[in-house]
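Pasting a structure here, questions to come.
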Amino acid sequence: MEPKHPQKGGFAGDLRPGERVTAFFLVRHKQLEPFRDRTKGEFLTLTLGDRTGQVLARVWEGAPELAETFEEGDIVKAAGDVEEYLGRTQLIVAKLRRAQDNEYDLADFLPATEKNIEEMLGFVQTAAENIADPHLAALVGRFYNDADFLDRLAQAPAARRLHHAYLGGLLEHLTEVLQLCEAVLRLYPEITPDLLRAGAMLNVVGKLREYSWARDIDYTDEGRLIGHVMLVDEMVSRALEQLPDFPAELGLRLRHMLASHRGRYEWGSPRQPMTLEAIALHHVENLNTQVSRFRDLLRARREPDQAWTDYDRLLGRQLYAGAADEDVTPEEPGPSE
Amino acid sequence: MEPKHPQKGGFAGDLRPGERVTAFFLVRHKQLEPFRDRTKGEFLTLTLGDRTGQVLARVWEGAPELAETFEEGDIVKAAGDVEEYLGRTQLIVAKLRRAQDNEYDLADFLPATEKNIEEMLGFVQTAAENIADPHLAALVGRFYNDADFLDRLAQAPAARRLHHAYLGGLLEHLTEVLQLCEAVLRLYPEITPDLLRAGAMLNVVGKLREYSWARDIDYTDEGRLIGHVMLVDEMVSRALEQLPDFPAELGLRLRHMLASHRGRYEWGSPRQPMTLEAIALHHVENLNTQVSRFRDLLRARREPDQAWTDYDRLLGRQLYAGAADEDVTPEEPGPSE
Amino acid sequence: MEPKHPQKGGFAGDLRPGERVTAFFLVRHKQLEPFRDRTKGEFLTLTLGDRTGQVLARVWEGAPELAETFEEGDIVKAAGDVEEYLGRTQLIVAKLRRAQDNEYDLADFLPATEKNIEEMLGFVQTAAENIADPHLAALVGRFYNDADFLDRLAQAPAARRLHHAYLGGLLEHLTEVLQLCEAVLRLYPEITPDLLRAGAMLNVVGKLREYSWARDIDYTDEGRLIGHVMLVDEMVSRALEQLPDFPAELGLRLRHMLASHRGRYEWGSPRQPMTLEAIALHHVENLNTQVSRFRDLLRARREPDQAWTDYDRLLGRQLYAGAADEDVTPEEPGPSE
Amino acid sequence: MEPKHPQKGGFAGDLRPGERVTAFFLVRHKQLEPFRDRTKGEFLTLTLGDRTGQVLARVWEGAPELAETFEEGDIVKAAGDVEEYLGRTQLIVAKLRRAQDNEYDLADFLPATEKNIEEMLGFVQTAAENIADPHLAALVGRFYNDADFLDRLAQAPAARRLHHAYLGGLLEHLTEVLQLCEAVLRLYPEITPDLLRAGAMLNVVGKLREYSWARDIDYTDEGRLIGHVMLVDEMVSRALEQLPDFPAELGLRLRHMLASHRGRYEWGSPRQPMTLEAIALHHVENLNTQVSRFRDLLRARREPDQAWTDYDRLLGRQLYAGAADEDVTPEEPGPSE
Amino acid sequence: MEPKHPQKGGFAGDLRPGERVTAFFLVRHKQLEPFRDRTKGEFLTLTLGDRTGQVLARVWEGAPELAETFEEGDIVKAAGDVEEYLGRTQLIVAKLRRAQDNEYDLADFLPATEKNIEEMLGFVQTAAENIADPHLAALVGRFYNDADFLDRLAQAPAARRLHHAYLGGLLEHLTEVLQLCEAVLRLYPEITPDLLRAGAMLNVVGKLREYSWARDIDYTDEGRLIGHVMLVDEMVSRALEQLPDFPAELGLRLRHMLASHRGRYEWGSPRQPMTLEAIALHHVENLNTQVSRFRDLLRARREPDQAWTDYDRLLGRQLYAGAADEDVTPEEPGPSE
Amino acid sequence: MEPKHPQKGGFAGDLRPGERVTAFFLVRHKQLEPFRDRTKGEFLTLTLGDRTGQVLARVWEGAPELAETFEEGDIVKAAGDVEEYLGRTQLIVAKLRRAQDNEYDLADFLPATEKNIEEMLGFVQTAAENIADPHLAALVGRFYNDADFLDRLAQAPAARRLHHAYLGGLLEHLTEVLQLCEAVLRLYPEITPDLLRAGAMLNVVGKLREYSWARDIDYTDEGRLIGHVMLVDEMVSRALEQLPDFPAELGLRLRHMLASHRGRYEWGSPRQPMTLEAIALHHVENLNTQVSRFRDLLRARREPDQAWTDYDRLLGRQLYAGAADEDVTPEEPGPSE
């Protein structure tokens, strides 16, 4: 894993026993514990993280005093030796201090897309501008012409864990969904193109309020209590109020797509798809979500030669990465080509 | 079944073979059919309905000309003889004409609550006024101080078929839910009372747009495509925009109750209850809905001495009304009382 | 509905009361019944069908003799008057005789794709030829270089009722799936392209044995008893035996895709997807199946101005076609374009 | 947590690192372990509990001899220092001895209702006496006039974990259910009041055999193997045998309520409700169970300012307690009231 | 179908258009209807049944007078001609009169086992006598030594429709279950043999109260409201009360088997099997029930050369009887054997 | 647990704290860890297993050098003391060396059937020879006359964990299934006997490829990716190709049995049973699987006087072994017998 910024030092996911490391980490957890031999006082146990994962760390000496100098949530600079203990990697910290703001880049501490954000933003803005229907264009524009919206869209994750669960992941998901929409539109002339595109573009707006990503990717309170589907509807309904000429039936069809995009009641969808655009949006979203989820799980294998991923509890299975890539690589088909 | 208005004449649900009847009916279906002996021309088959049910009717003579004089959806005055044919009651119409607007009352043509509407309206208005929390009071007042809203609330059904599926049924349901809320509040001091009450009162507002009841009780297009849960949230969110001082967290808790009141994803709920008020509202609504549904099914038995109702496909069972009521009536407990 | 072949005459789905018609039909059902006035002997009740639907027909005169001259499953030429009786259209047959083989085209009697079969065949053959991996190319070629296979592929339906349920429907489905695969491949460089393409192409081969379409589209006995998933595996396994150099792991990955393409146990899939190619194939198939199913249900509305389809029992809902197409048509965006 | 009896000393749920404590505890688990430095012999690890929870304890000195002086299940008096080790609170025991019977009150060692038991018993006895139907009164009286039954009812929990899972919890649940029944009876004159009340009162009798609560709240063997629903039916059937004049149909309706009170097959109910009383009892029980379950989970948060509870595996979610109670407290509505 | 008693005459399931028949039938339904030409008065429509099925019948002449002479539920002697009308067989009755009690045998009017009742009774009585455990023997004997019980066991069906749904079916089911139990006992020495046998024998006793079979096989009220599982437990509990020395744990294990024999909550089982005997009894019962159900559905095909049964809604499928039995018959293996 | 071979020494499942042991074990896991006091270097943590379970082991002295002398998967000879630490038994190893091949028997290191393998093999071979139908006999013979097949059949487990999960378990399962088939055949003359027997015998062949059992019982890659049901079909289809005279319909019926033997889609069955033989095979397999699973769980209790097993997550319950076996043992029935 190559650091985004050279000063980061080693990454939590890369530490190997035997290494000596100096690097910046986010303090996720901090706790003083007594030595079993109580006469020796206390040591410090830390969980240090960055965008690649986290590592257990111990400070054996001068722990109580050091513990006063930083808080959970701080970025610290730490130096020490990497060991293996009871099968887990841990960092024995020799030196540690609170980092100064100009010493690190926050992007090193949360996972982020590997795609180019500016290019992706340009892609979706062009898509918004290409909507020909004036009503849908106006509605979409109320979001995609708004700089604040675009700033947040450039950062937000698409989910907490399931897929595209990293900074910029929502934008990446959206660009993929829009490309799949075009493929679907080529097959079904019965689908109203701008309606499908607008549905895909508006369907993400609730996620900006569903998740927070300041230090960690998590649900907001309204994300948990109200949820993405209702937040989208609130935001779109409010925008529609500002567009008095928006045709009523078009609004109905659009809101129906958003209300039913999860597809099934048991998946938290308050409506089931009942229009061609709604069923298409559901399946395009679902395809991109599930295939990306598989790709992310396969990427997350710790060893490249591991044939099977760990058991994924939500999927209820292990995934197969394969024995060796060679034998599925096409051989040279020969001179006749 | 006693007519609400004397001029109605007989009711569809009361017609018995052998009777001669003159009455007003809603024409639900109209169709000309040829006699098997084609030389005789065509006769007219009608479905005539009112709030008690519907009856098949035939016009043997002068059918083509008569058929030109009225449409499906019209109220007509019809006279004729009631017969039984292949096990079904049918009306052999001797005379029929379109009714004039002042000859009938629309309330005779759809089922309606047997409770007093004015009393029920008074009850819920008092409940609205008794909300002490000024923010919730203001929010509830935006609906319950609105004459148009109250007019529609006085008429709306609570559901298409499941429970309280008659004019005024929604209001009846609401008064019952509010009474159950008070019983629950007596048991749980941890519940914020005005929040539960406001939730119950606001939870019905979407039904005014989910159903239409002009001639028949049915879903509206937005009722089918957007649904009650999302419509409520739209209406409440819009009202909250007009109340800038409304506390954000209170709004969140309130919207959460509405978003989760169906209780389970598979019942079309986009959220599951996560607060005490939300779980209480869900169970109060559910209790009233299901017990009323049973009561309505038991009432709908055709014969009072029928021990079992017909099989109800949605419930997947027959209900038991009992052999005879006598043996469950308490005997005189004697002079000591 | 325009006949494919002028000599067909009227179509069952187009008959309107009052018309006189002469046309060819498939006899789906034939039955002699006594007149109620037994002295009059028997009449003949027929169900006559073609690719647009079916119609009830009666022969009042000379029925017993006529009934001897043809069988269920025959094509007949019938002439008579169209009437409405008890709400159903029926044909009162004046003349009827068995057709000769050269008088009609079988394609008029089963629904068929409206796409160009030759073009679609060309498309999939090109796709087969473009597979660069020599093992997969050889395997796919064992089917797509076989003239018998291509003949049957050009005719087969994709399903009995659910989607693309017409002659040529399987081929149409395959061309759509292949196009969607290309869109997916553009998004996921981690997917082995030829493996996904080969999976899509081989996944249809079992359907040629699952369905019969000689007179009606129905399951074959082995279609019901063994099913498409197992039949595909049998056919592919047999082909693999002929290719001794085929890499074992590649065969495993391919067979896994086919075994898991239905995605979930409860949908009859003996395996769940565990590779990237398998999850992609499942979602591409599912998207095309479900969106096409919606399109076919919306097409099948009897009246173009019907806003809602009939209730579909399997989907558990009605679909919404919309009030009027005008208001979702984009207005002229103006001279700047 | 205030001790019920002053002599109890500190409670397990209240211990904080740094405290010195002398208190009585129930020994839930006891185990000798060798020091890693084997030459030092063995130490003792204990789990000590009371009605507020449990704490890990260690005896470093003289452990083998001390271990001989008490058993698991004994109450002991222990003194020592509270520490935190690896994130868990533990008690380093300096002195420990078996308690004498008169030194403690068993009620300190299991969680118990905070309601007044005598008042609750009086409430249900009055309810039993107020049943006017002589047959139902006699049946209910066979239980509620029995001193042994009442003694056990005063102690039993309503469930092992789910709701009212503490001594006296069953009685508390019953008083709440009876109050909700009265609210339901006010809404539905069609319900036979004494039947609903008797059903509620008899529905709890099986729980006295389903659970044991001598040292811990757990299932009995017959609770696990036969279950509450069948045990109730056995006990009520046996009581009915003693009442030869009890009307057969009334017995049938009553037993049906008990057999179906869990509502759905998948919730372990051998019958589904088919009468008005049965559906009402089911929903009243369910409402009280679920709302109480939420209340108990919210109460069990370790910190009062925790906005969300821990994830509850059975519910599949976290519950929301809220940010701060202030903003949902109604402000003074002002002088106009 | 050969009549059990020669005087029965033809059977409903055997009537073919064109036949003249004189036979005894059970009147299931009776209704007077007017002729369309009202001047002709009324005719009589009857449903006449016996153990092989039922047939529609009409009396054209003298219907009103005849209708006075018998009731639904009576056995009548009818003579007339069999016709086909609108695809259904109907009997045009020329003569009809109420039968006298000595003219027919009730066994002709409900379907019945084809096995020998006395032999089956002997088999189960021997099984009861062979139970060596004195407690279980005494308990089983309280039923199987009771003449009334045996009389009813000889008649009862095992289910209303699902399997062995005919007179004597319960006894047939029991003998099969007992034979399967012996096969299971040979495989599992860990199972207590007499406990499994006693469980199987006692598990049927509730069915004698769950079903009535006087005129038709149907649920009793207590069958619907309380159900077989609870009725068995009531009857066995009552018998156990009469056996004060019966070991408590043995009683618990036995009642657990009965309480859990349906195996899964969603199949209406209040308990899940938790002992070896319980899981064995569940699977033995289930095997016999399901295989017999398939056999009965295959037997009920109307035509022996029908390869597929009709669609069975509960099973959700058609069953396959096969093309021709010949090719699965083993050929002569030849002289070498 | 008695060792199969005297030289094995103690078994992992039998080790008790305080014992000194010398024995052979399979090294399942090996790891060097630093002492907390880093100056002391490293110790070795091992997981040592055999067919009775596994035990944690530590080597305190000379660990780094020793660790070089053997690998995970090796059999080693170890000597040391058994201790209890933090509630777990561990072996403090004093001496350890790699074993030589002739020192141990592999059968000691994986659990194995307690039945006689030769007898069981003889039983199934006789069953294969007794198939009279020449086609089925030939097909079955292609497997059961093959020495390699029989060798593997003699070793394979029937499942990874669920039932008969030990060497020889598949053969044991098969002999039991065949015996149950005979019991079923005695009850249902409608079942074709040789078809049922052949189905049972062929249904196991895929398991030889689904599982590996070289060192541990686990799925193979094709077991996970293709699965037992498809592998069986592949192997049977290939065998059928070699038998050109095999009747087509018989092949269809046989493959249907194999394709549907899991019974329900949600249990991973690509087909549901539609023939009598298929439903019988499913229930016979299911009975043997589930009863054996219960027996194995009850056997695995650590203490013979434990009334309940541990909670089984897949079953969702604990199983009941009973208080004491005495009271279910039949007393002497006395001299009168």
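Here the chain labels run A, B, C, D, E and F in written order, and each chain numbers its own residues starting at 1.
To be clear about the criterion, contacts are C-beta pairs under 8 Å (C-beta built on N, C-alpha and C of every residue); 3 or more make two chains touch, one makes a residue touch a chain.
All of these numbers come straight from a predicted model, not from anything done at the bench.
S.K.: Mind listing the chains that sit against subunit A and also against subunit F?
M.R.: Correct list: C, D.
S.K.: Which pair, B-E or E-F, has more C-beta contacts?
M.R.: By the number of C-beta pairs in contact, the winner is E-F.
S.K.: Farthest from subunit C in C-alpha centre terms, which chain would that be?
M.R.: Farthest chain from subunit C, going by C-alpha centroids: D.
S.K.: Same interface as D-F shows up in which of A-F, A-B or E-F, over half of contact pairs matched?
M.R.: A-F
S.K.: For subunit A and subunit C, what's the span in angstrom between their mean Cα positions?
M.R.: 42
S.K.: Give, as an integer number of Å, the spacing between the C-alpha centres of subunit E and subunit A.
M.R.: Here the centre of subunit E sits 61 Å away from the centre of subunit A.
S.K.: Centre to centre, by mean C-alpha position, how many angstrom separate subunit A and subunit D?
M.R.: It comes to 43 Å between the two C-alpha centres.
S.K.: Using mean C-alpha positions as chain centres, tell me how far subunit D is from subunit E in Å, no decimals.
M.R.: Result: the chain centres lie 47 Å from each other.
S.K.: Give me the residue numbers in subunit A that touch at least two other chains, ranges are fine.
M.R.: 221, 224-225, 253, 256, 274-275, 318, 320, 323
S.K.: What chain pairs are in touch here?
M.R.: Contact pairs between chains: A-B, A-C, A-D, A-F, B-C, B-D, B-E, C-E, C-F, D-E, D-F, E-F.
S.K.: Help me check something: in the complex, which residues belonging to subunit E touch subunit C?
M.R.: Touching subunit C from subunit E are residues 83-87, 307-308, 318, 320, 323.
S.K.: In the complex of these two chains, what residues of subunit D are touching subunit B?
M.R.: Contact set of subunit D toward subunit B: 132-134, 136, 176, 179-180, 182-184, 186-188, 190, 192, 194-195, 247, 249-250, 253, 256, 272-276, 279-280, 283-284, 286-288, 290-291, 294-295, 298, 315-324, 327-328, 330-331, 333, 337.
S.K.: Going by the contact rule set out above, which residues of subunit D touch subunit F in the complex?
M.R.: These residues of subunit D touch subunit F: 31-34, 45, 221, 224-225.
S.K.: Hey, which residues of subunit C end up touching subunit F in the complex?
M.R.: Residues 221-222, 224-227, 229-230, 233-234, 237-238, 241, 252-253, 255-256, 259, 265-271, 274-275 of subunit C touch subunit F in their complex.
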